[in-house]
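The following blocks contain the structures, represented as structure tokens.
What follows is subunit A paired twice: with subunit B in the first complex and subunit C in the second.
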Partner chain A sequence: MRILAHELKKIFNIKTIILLILINIIMYFLFTEYDINSFTINRPSYDIYKMFVEMEEAYGEFMDEEEFQDFIIKYEEAIKEADAYIQSREDFKRAGVNNYEDFINMDRENEDLNQLYYDVVFDKGIDVFWQLPWRKEYIKYYENREELMLAQAANEKQELRVKEILDKGLETSVFNHAVFFNYNSLMKSVSTSILVSVMFIITPIYLRDNKDKINYLQYTSKIGRRIFKKKLLAGLLATFILVTIQFICFFSIYSTNNTSMFFNKNINSIYNTIISWYDLTFIHYITISVIGTYILALAITLISMLVSSLGQSYIAVIGIQLPIGFFIIITASRYLINYMTSISYPKYFLELAYVVLILISLILMITRWKKEKQADILY
Partner chain B sequence: MDIRIKEFKKIVTSPIIIGLLVLFIVYNSIFIFQNSYFREELRVLTRLVDRFGYEIDDEMLEKYRLYYEEQLVSLNKITKEKTSKNYNSMAEFFADYKYGLEDIYDREELGLIMELGIMEAYYNTIEEIDEVYSSLDIMERAESEINKFQLIDKAAETVRNQYKAFSERFQQLVNNKEHKNLFFLGKVYRLHSILFKSLFKIIIFEIIILVVLITAYIVNYEFDNKTEAITYTTKRGRDLILDKLYVSIFSSLVVTTIILLVTLALYFIIFDYSGLWKVPISSYFNTDHNFPYLSWWKMSFVQFLFFTIGLVYSITLLFNGIIFIIARAIKNTYFAFFVFAIIFGLFLILPRLAPNSSNTIFIGAFTPYFLILNPHVWFMEGGAFATFKYHEIVTLVIWALMIWVLSILSIKRFKRQDI
Partner chain C sequence: MLIVTNVSKSYGKLSVLENIDIEFSNGVYGLLAPNGAGKTTLIKMLTTLLFPNEGEILYNGTNIFHMGDGYRDILGYLPQEFGYYKNYSARQFLNYLAALKGLERNLAKVRINELLELVGLANVADKKMKKYSGGMVQRVGIAQAMLNDPKILILDEPTAGLDPKERVRFRNLLAELSRDKIVILSTHIVSDIESIANEIIMIKDKKVLYKDSINSICKTLEGMVYETSIDYAQANRFRNHYFSLSEKQEGDKMKIRFISENKLDDSWESVSPNIEDVFLYVYKDEVIKEG
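Here is the complex of A and B:
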């Protein structure tokens, strides 16, 4: 145990921690901050979010026919509100625009009318004018939901899955792409930060001692070559601690986006942009992506340790780690963390990819340990 | 002298540096091949330029039109035979055939069809030039840039002043007819973006990685191998650091040359620019997004290319200096590498803290870190932060001076350091 504690201390030394914090701050501001801050600013996604919060309060988990009728009534009320706003303005009256109907049919080639349109939608940013097109769109979605869902299936298996969703009626789930897309792009940048941090702390783990030839001393001690395994354990533990801390930080920041009311909503909604192989709710999806990131971090830990135990100098190790890290991070954020369990991938693609990743890194490290156990010491 | 050769050998024989160099070149080649699916179509313009020259004037346009009509007649002969239809333009022709061209026409005829389609696209673009440029308002562009970054007060005023100066150059550009030159159609092929935005950015990042590794490796070599105490006691002693600096500069230039030479050679073999080297870079055809590329000086494509390469070399030297100072200060190569990356990140983030009302916001644009992110608008109008006339040169001079002074200080400190 004491050796483990010392190894952990070596991994988390003060210089490493300072650099680690700096790296994370920079990555946060370069990649993550935008999706956190812009969530409540971006239009129309924030309008869509507000609309769905309202819907969630009124309709609960799913939207049935009756609630849909209510949604249509809401749409008509919103039109009335827009009408009232238009009629309250003198300049619209002068331009001959009397209601919302006229407003959307306005000839925007005309400079003055275009000016008016810009004033309402962009300069003043009146909410109802942002919501209305989407309300109309969503009514259309709901009415044609079966066709729209089926249109997304490209082959038979996908079609079967879509039909299954339609049978269960999951497509009417009150969940939207604004929240989902935001979470997805956040997850990509967060997992990137996590993987970079893990590589940063794990890579020196064996090299630090090998470079100074301390490993020869360690091997002659009572614990002997088993210290290799202790270091391995310390590395895995360090990764686990680091990833957990980073996730705690991230989710406490993410909670300011206020999406908890959608946690128990099914993601296979007609208003969302993913069709999953499984009946996942949003909190399930979040859990899966967190587990996925843990597995990726684990795999990258093992690979980094392998490189670390083979490398002779820091330069060599950095040189090897750069392309490996680049490759893993690009693949992860493109296929392994992005739109997980989507039917655009083959059904067991995700599970297989993760299993293969773990197996490869484990096998590599086990062979490395077997070799290390018998390696001659040449000096 | 001998010691420098020995130092250089350390780099040349390092499998990591060589391995990365090879890997990077392979990556660049893959990138070029991935974007080369339209290379056959580019030949159409090369042939047209052979026939008419690239300068667009009334006489050339007349010849072009006649040639085009001649070709259209020969196409109509074929179509009449096969489908008994006549076409006045290729747009009309393609409207008829969305699919299934291959079923009706043989290979040779398809070639003619493709060539005519492309000819017509160029012809239409030539015709729209005057209209586009008469409605192009540089000051409007300034306002939209100011809006985009929400600049106010002095900062906004600075941007307006830059663009005011630029609009004079724009007038000159139009009077010179720099925009009226045939070039590969940017809106379709986006070659300017492929070459100067993507490829050069990749190249620069690769060079920086190699420069960082080489310099950190060689500067900290003695410390990594615990031989510093021995080298200090030799006759050359701590002057060795100077040798190391020179060798790192030399090696950086060598890897830069290798990457640039191989990548660009491959690029220009794949994409045939013959006959177009001297076309002004500000040609309207070069436009690949909604605003044309407008250079500050009258530059041909090949001049622009060489200036860009020159700037890449200069930036390589700057980064060499920066990493030399960092590696000298931080003995641990691993940390030195990450400190370099962190400083890089800080220079991208910190400028955001500057208030959007004062001129301090522009300081962030005068760093090599900012420069390497936008190689496609070097020496050009480049948005709110990069439209200063001497933007690149000022950055280079300021940073070169700063790094020079810091390096001298760093070396002096090194020489008096306690063991």
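Here is the complex of A and C:
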């Protein structure tokens, strides 16, 4: 336990912590900040979000036929609101635009009319004009949901899954792509920050001691070559601590996006952009993405430690580490963290990919440990 | 007792040591050979860093590689290249190594204080080691080797980087520490071990050439070491005929210490050979190469 504590102290030394904080601040402002701040600013995603908050309050988890009729009424009320707004403005009257119907059919080639459109939508940013096209779109989605859902199936297995969703009525879930896309985008950047941070703290773990010949003292002390395993354990523990801290920070920031009302909503909604192989709620999806990131981080820890134990100089280790890290991060953010469990991939692709990653990294490290036990320590 | 039996070591096709047989009992052993003769290879095998290709190393009858923890628990080692964490203080670093050596926390605290006192670093024990001189770092190295009160203490080139004053201090320290232990001190600096080693081991051509007391080894050159004064003009001719051990200026003449199998001139004064004479003579080929 004392040795483990010493090894952890070596990993989390002051210099490393300061650099780690700097790296994360830079990564936050480069990749994460936009998706946090823009969520409550960007249009129409925030309008969609507000519409769904309202739907969630009114309809709950799913929108049934009766509730859909209410949704249509709300759409009509919104049109009336838009009509009233248009009629309250003299410039619209002069241009011969008397209601929302006229507004959407305006000839936007006409400079004056285009100017009016811009004034309402972009300059004044009147909410109802942003919401109405989407309300209309979602009514169409609901009415044609079976057809639209089935259109997303490219093969028999996918079709079976879509039919299963339709049978269960999950497609009417009050969940939307604005929240889902935002979360995925954030998760991509956060997992990248996590993996870069892990590589940064883990890379020196064996290299520093081997390069500075401290391994001579370690291997000839009572613990001997078992220090290799202690460092391995310390590395995995350090990664776990680091990832947990980073997730705590991330979810504290993410909570400001205020999406908790959607946590228990099924993600296989007609209003979302994923069809999953599984009946997942948003909180299930979040949990899976967190577990996935932990697994990726632990796998990259093992691989970084392997490279660290083989190299003799920082330049050599970074030279090997960078392409491996780059490959894992790109693959992870494209296939392993983004749109997890989607039917666009074969059903067991995700599980298999993670199992293969874990197995490869474990086998490599176990082989390395077996070699280390028998190796001549020349350097 | 530590016994090296018929040990050979090679790196690929390059053979470094062949059929080495040595027995160590309590006392100070000087492992004396020029750089590259295989001293560090032998030491690394004695410290379990390298595995012999042939033969075995036994401690009290058990193979040290089978003893594992049990052997390393009684081992103290100062490597030729002593690595340390620059941002650690001596106390922090010794604490870390005490944990690796399995010393109980309270015992380690007492032992570290004792050793820091012994090596004269008590007053700077909490300063970062990056502020230490080479000699101070080497003293931390000696302290760490002594942490577990080892029965076998192996020091590889321990005086490298030390100034003459520190070398004397180290020799005195070692004489004090070496009671009831096997101390193996590897060096190519003869004066390091001349005064403290009970026995000298010399390795040549991958084999043990001598393992004996200093007196016995010196006797191998008995009647062969002479001193004489010659003109500078004759120096080159003289060196061509006899192996020169040392030369120094004395007035307008050069006093030369050399090897000759017979006394061929009355002016030659026969002197007692010392271990440095033997070293230079035995390794004359290597000395010439290094020179």
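Keep this in mind: the second predicted complex is superposed on the first by the 378 of 379 C-alpha atoms of A that agree within 3 Å, B and C clash if a C-alpha of one lies under 4 Å from a C-alpha of the other, contacts with A are read in each partner's own complex, and residues count from 1 in each chain.
The working rule: contacts are C-beta pairs under 8 Å (C-beta built on N, C-alpha and C of every residue); 3 or more make two chains touch, one makes a residue touch a chain.
Keep in mind that this is a model prediction, so the values were computed, not measured.
Of the two partner chains, subunit C is the only one that A:Q374 touches; subunit B does not reach it. Once the two complexes are overlaid on the shared chain, A:R2 sits against subunit C while remaining clear of subunit B.
Contact with subunit C, but none with subunit B, is seen for A:L217 once the two complexes are overlaid on the shared chain.
Contacts of A:Y49 after superposition on the shared chain: neither subunit B nor subunit C is touched.
When the shared chain is aligned, subunit B comes close enough to touch A:P204, but subunit C does not.
On subunit A, the patch touched by subunit B and the patch touched by subunit C overlap at residues 15. Subunit A contributes residues 2-3, 6, 10, 13, 15, 209, 212-224, 227, 374, 376-378 to its touches with subunit C in the complex. Per the touch definition, subunit C reaches subunit A in the complex via residues 11, 44, 47-51, 68-69, 72-73, 75, 77, 79, 81-85, 87, 95-97, 99-102, 105, 144, 148. Subunit A makes touch with subunit B in their complex at residues 15, 19, 22-23, 26-27, 29-30, 200, 203-204, 211, 313-320, 322-323. Those residues of subunit B that touch subunit A in the complex are listed here as 14-17, 19-20, 23, 209, 213, 216-217, 224, 332-335, 337-339, 341-342, 345-346, 348-349, 352.
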